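Should a chain be cited, it is by its letter among A, B, C, D and E, assigned in written order, with residues numbered from 1 in that chain.
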């Protein structure tokens, strides 16, 4: 079904195909027109474009880390864990209290590496704990239910965590202390990059590499893949299903916790609602890349980050649309819709294994 | 001209050739069995004919129409209906509703007709109901009466198979494609269904293609048997001819099965 | 082959199983002795699959006991039961289609840590199924039906089970493959594995089994040697297809 | 058996209740007010309500004002004309539908005389209509949208009789900011950012308009969304456009991101940053710290003087923290205006019964002049705008001095 | 080859035995006790106990804060003391001291954990992190008695635990009546404003002071009356409902029809006077419920019938509201034709249908979760476009569109919420009729078939493209009715009213109500939109409670409050698939056996 796709579509969905073709042409025209007129206006310098790209890359890296949690849970349990944004927020929030304490103790700027490691561990542990707890309470009893049921539970869990955190820790915006070592920029290969962005990008790639290795090469990783494919048979092989699923949530939580700290370093702030939007974005990223696919989540996150950063200016401002940044999410979601129209399973979505008879 | 004519049909799945330049035809009123080892491409053939998959090459001519490129629902409206290897009913709908869905393609009424409850729509609903009950009645009393409003999942395995056939009949098809209609049935039920398949042709005038592993059924009903292996036709003819073909024995039947059939 | 032939390797004692409030299995008693092939016959939804699931700990029996080699195993998690020596070839084979054949076989040895033993067993399986060796690095989803059956059996053997459970091995297979499968079952049995086959195809199953049980609406209604069952009047009518 | 028991109990109860109700009736008062009167028998409370955003992301906005009203009540010993003051607090959710339900709940009690609220202009549109039709008065301490009162000297689209406010019409503040930027700072190219809130959008719009009228150029009028964190792209655009000043009358935390991230953008050095009263809070100053040095804020003149210090002391004593937003004093003034109007217009009977004439109350407020409040001298015009029209611009020079220090560092005063 | 073991000659035929019932598990009680303790600590630490300490349920006796705290051990103890469900083939369990013991264990553990919490909190100042663990809270928890007050705290927990356990001993009718009375007392205590309004509306305003103390909360007399009345209701009326239903089922068709008719008339009358009696505030809430109900009915078609998970449903609501606003308001920024509501309605329908097609077409090939995120995207796109500076000349941007005229039919003007109730109910009835009619038609069946198995539906001749688009269009049009009414009711539209939360709320309410079932949508809307509005006092804890409710609901009653049969089946499919048939086989055998004795026809009747 992969080959000669356009022709097939036009045969199979006559009406839809017409609309889709028209869409394709219109979108291409808009994008080209917008981009060309922005670029030819010379309004932005090359270094500004490069900066925008790097901002997007860093932001996208964080999305990607969060997206991994969505994608892994989806892969193994087949539903969207709406509460994952809150898992991310929880690590960031508890990390704040530790960071604040370390700052008062003078360690935050006295020994930044150790301080970061401590906060990282706390943040990851918190997120992992929350993720595992949510699985235990809200999802495990529902494993056999249709997928919409745990979806609703996860919405409930999301509200619950947000407002529980609000009740416990207050509604105010909490500011992470500034880490002097991360201020300013350095020049890498002639490109000026903020130090904090360097840290984020490096950390993201290390985390992703580790995760990829874990899932592909280790025994537990293999068990997780087996459970994702067929729980009952995996159990027959002696895999402890509960453990594999908890492991999945834990890994998602760890990634989210790490993302939480990175996010906090870039943006300095956290409050009980901080998980919501990044959560939605990361979920979008996971779908964009092909949900259930780990590499896809990474790719989706990064693409989304860059689109958000570069897209509004590149396309919209060239079209003369005022306040293009306001429409950043419109651009992001439009890209998602377009990608899914032409690749219904996302950028790297798995082609459903064709069953042989 | 044959009712169904398949010419040079090929289908690849990621480098795996499921159907390989297959030529195949079915005359009107015929019962043709398609047999072959697991993975020989039998169900793929059905999926290609009914438009669930698009062929890479070749033509499928049914009743003068080329089916290649048509959507499954269009193909069904032209008169090809099928059942599935793993019974695929609408399990949470009632038995009657299952069959009524089969009549969707033969009826017209839209949203406005329905909301306004126009006479035309009410007549059509009545027609749908009657046709559905008629199709179900073909299987005796098993699926009618108090069962009509039960959900499909309460049915036994054999009845599910029957319901699936009734649903296919309700589409008003000329050609029925039955994918392992007796799988999971006990010997008595199998025998009964074998008989019914014959009656489907004789009384109702359907042309039938079936995939079957049970040689007793194949022997019992087929006018002609087509044997597939690795997507190619390796033998064709009446049951006796095929059953004694060396290649078929080796690739598919084994000696015992022929003996016991 | 384990020591005493007069103690069952697997025993179900008064097993009752419920799904929700509904009583599915009612006082099931099954004994399987070392070296036997025992078959459990029954129509659709007679409780065959539930019996297997109960043995494997996927469903908890609401009453009764299960013994494996004299040890009580009911109530243990599936992992633990598999570790103690039961494995199963599921209905319709159900390989991990997105994993390679080798990975599938390795999954079969998931609980084992003796690398040498695993390698040995792999060799044994390649001996049994030379075709499998050729396809070792293909994704399991691309195999033909017969090959998949071999991998499924091989996978189950990789855990060196004391009892091998087989759920409807003939389901949906071409006649020649059914024949082959039952031959393989006999072959494995001769190598010393105790086998418990659940089948609808009574003819075939009884032709290789030593003993059989017949299950009807959750109760054992017949239990006898395979020979006797083949000649039992009720069996002949209901399951053997003589009319 | 049980049915009979049930019947007996019911009959008994009803009898008791009817008996209880028959006690006490008093002489009638002739009400000639066109929109009705409220009768407050002796010992019964005089009821007022607060309709404020007390949940969600803007909770601090409403909570601050509720506290202002509560202090105003405390200052009167909780009494008015010998009757206790009863305050009901409702949530306006900062949205039109929240304002509607809240207002409906308030007006469903016919004894309520006036409302202090709403927090958000969007909520005020339907809420003011509901209260107006029910004959109440409503005084807001933080609605600033021109359409609620007047726009360019004409009645606004959402104007309702009985609606007043002690907060500024955006027209004034926008003009003040633009004047300051053009005349004081000498800026000729400016940019503005709003966040899609009606308040911030309105303010940015007025700023843009006035700045261009003065002869300046708005090189970029752009917007972000609530919840955005990465402001670098939008700041890059502004830098590319060559703006000399950015006016962003938005809230926390988006405002913080703009300030903090602007330091990381090439070409942003030397660009003036200017926020509005939405950012005049302790948490903001703390959050931006040194990074916010040199930043300007426009806003209503900060209340000052011994009365205000006394007020802040009471606030801290009562709630354990410093004022959390900028509108507590406006709400305090609003409540006091309402109390004064009630005192001046109510009819008091000998037995202590008080009659409040609703139209008379409104008329009094429309004619109120030179009311001395914490926020200055308030005089209401025919559209309901009562605020002291003084706007100040302050500069953040010493983050360590906190919001108090910032408020005192006035660099510009605007009075139209 | 092994020797084959001997086999009994005759097949063993074993009669069904009665298995011994399992006992109440004390281990489970201990576990639940731990959970109860944690929940109680949580409720205290997040500020609820303190926030509601001032609010009395029974004036001067019981505050809402303490109620919340002690409900925890009460409910947990009740659950812990409940026997495991009785399975077929088992004996019925006997009740006894063990039940009470389980309750006591829960109470003791809750008390213990709370006591530890209080001790720790008073020793260590945690306020910098946990802002709500304040001295006032500790004072509340120790009843102002210093550490000695812990005795009361622990004693209270023990007592409520024991009561919870004892409740299990009560016979079914008693138990139900006690719980019912308790629940109603709390509810009437909470809904003070509404009940007072109800009294006024019925002309019984003088009753209010007898029931409610001026400072909030029920008077002791009011408490007693409410408790007794509710108890009597559950004691004597509720058990009869079953009987009435049975009697109804046995009536001849004609009687049934007349009963139905009179019930309908009663319902219509009730609906007609309801808003008059309940006053503007409750009417306002009902109006809101009605608008959400419209959306629920529409989304129920998309999700419940057709199985298309739509998370951006608010977009259609917005289309309805904004189209109405632009066409009717004189203050619309670009075009202002100033039509009447009714003249604008056809355009609203048209715009919504168009929006349905625009959203529907690109997602035709997507399934499940892909559909969910894309529709979510569309919802956000719609909101952002309405908000944008770019389209401000048309939609007014953040300033919205004001001055939308009130709804009127000829001389009748629907100004107040009480008036608006009627047109809203009218539209709801239309929408309910449309969905009922479509559900039982060719199109409805095609939707359901598609939901069950898209491929098979297509193979049966259902044009998936057409039918999906139809689902989107009908859903969109119904939502746009809601939007239109919303706009004219509020009188202004702002983009902020069309947030993702609305989409989520609507989805949640149809699932909580019971997916695919029209009465279920009504119940779900009342529970999830109406109740929170009535309980506005909970303020910021509303969403916390909402989250907990959703989780508990899905865990213990995933089919919703008023489920459709299909949805129940789907949720319990596995069990039913395996067993329904087993049961039938059994029934058939029995029937045959009986038929052999000449009692009954050999056909199994439906139970």
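Convention: a contact is a pair of C-beta atoms (placed from the backbone, for glycine too) under 8 Å apart; a residue touches a chain by one contact, two chains touch by 3 or more.
Values in this document were obtained by computation on a predicted structure and should not be read as measured data.
Participant: What chains do chain C and chain D have as common neighbours?
Facilitator: Looking at chain D and chain C together, the chains touching each of them are A, E.
Participant: Which chain's mean C-alpha position is nearest the mean C-alpha position of the whole protein set?
Facilitator: When every chain is reduced to its C-alpha mean, the one closest to the whole-protein mean is E.
Participant: Looking at every pair of chains, which two share the most C-beta contact pairs?
Facilitator: That would be the chain pair A-E.
Participant: Select the chain at the greatest separation from chain C, using centres from the mean of Cα atoms.
Facilitator: In terms of C-alpha centroids, the chain at the greatest distance from chain C is D.
Participant: Where the CA atoms of chain C average out and where those of chain E average out, how many Å apart are those spots?
Facilitator: 46
Participant: Can you give the whole-Å distance between the Cα centres of chain A and chain E?
Facilitator: 32
Participant: If you average the CA atoms of chain D and of chain E, how far apart do the two points sit, in angstrom?
Facilitator: Chain centroid spacing, chain D to chain E, equals 36 Å.
Participant: Send over the residues of chain E in touch with two or more other chains.
Facilitator: Residues 384, 387-389, 540, 570, 574, 581, 585 of chain E each touch two or more of the other chains.
Participant: Give the residues of chain B that touch two or more other chains, as numbers and ranges in rising order.
Facilitator: Chain B, residues with two or more chain partners: 14, 16, 38-39, 71, 85, 156.
Participant: Using the touch definition from the top, which residues of chain D touch two or more other chains?
Facilitator: 59, 196, 221-223, 225 - these are the residues of chain D that touch more than one other chain.
Participant: If we count contacts the way the header does, which residues on chain A are in touch with chain D in the complex?
Facilitator: 43-45, 47-48, 51-52, 55-56, 59, 171-173, 175, 178, 185, 192, 194, 263, 266-269, 271, 273, 276-278, 308-310, 312-313, 317, 322-326, 328-329
Participant: Over in the complex, which chain E residues touch chain D? Could you list them?
Facilitator: 193, 197, 204, 206-207, 210, 225, 228-229, 232, 235-236, 279-285, 288, 331, 384, 387-389, 397-400, 402-403, 415-417, 486, 489-497, 533, 536, 539-540, 542
Participant: Help me check something: in the complex, which residues belonging to chain B touch chain C?
Facilitator: 14, 16, 35-39, 85, 156-158, 180, 183-184, 186-188, 190-191, 213, 215, 250-254, 256-257, 260
Participant: Can you check the complex and tell me which residues of chain D touch chain E?
Facilitator: That would be residues 2-3, 5-6, 9-10, 13, 16-18, 20-21, 54-56, 59, 90-91, 94-97, 100-102, 104-105, 107-109, 122, 125-126, 129, 133, 145, 147, 157-158, 194, 196-198, 200-202, 221-223, 225 of chain D.
Participant: Would you tell me which residues of chain B are touching chain E in their complex?
Facilitator: Against chain E, chain B makes touches at 50, 52, 71-74, 76-77, 81-82, 84, 88-93, 97, 100-107, 109-111, 114-115, 117, 121, 124-125, 128, 146, 150-151, 153-156, 167-168, 171.
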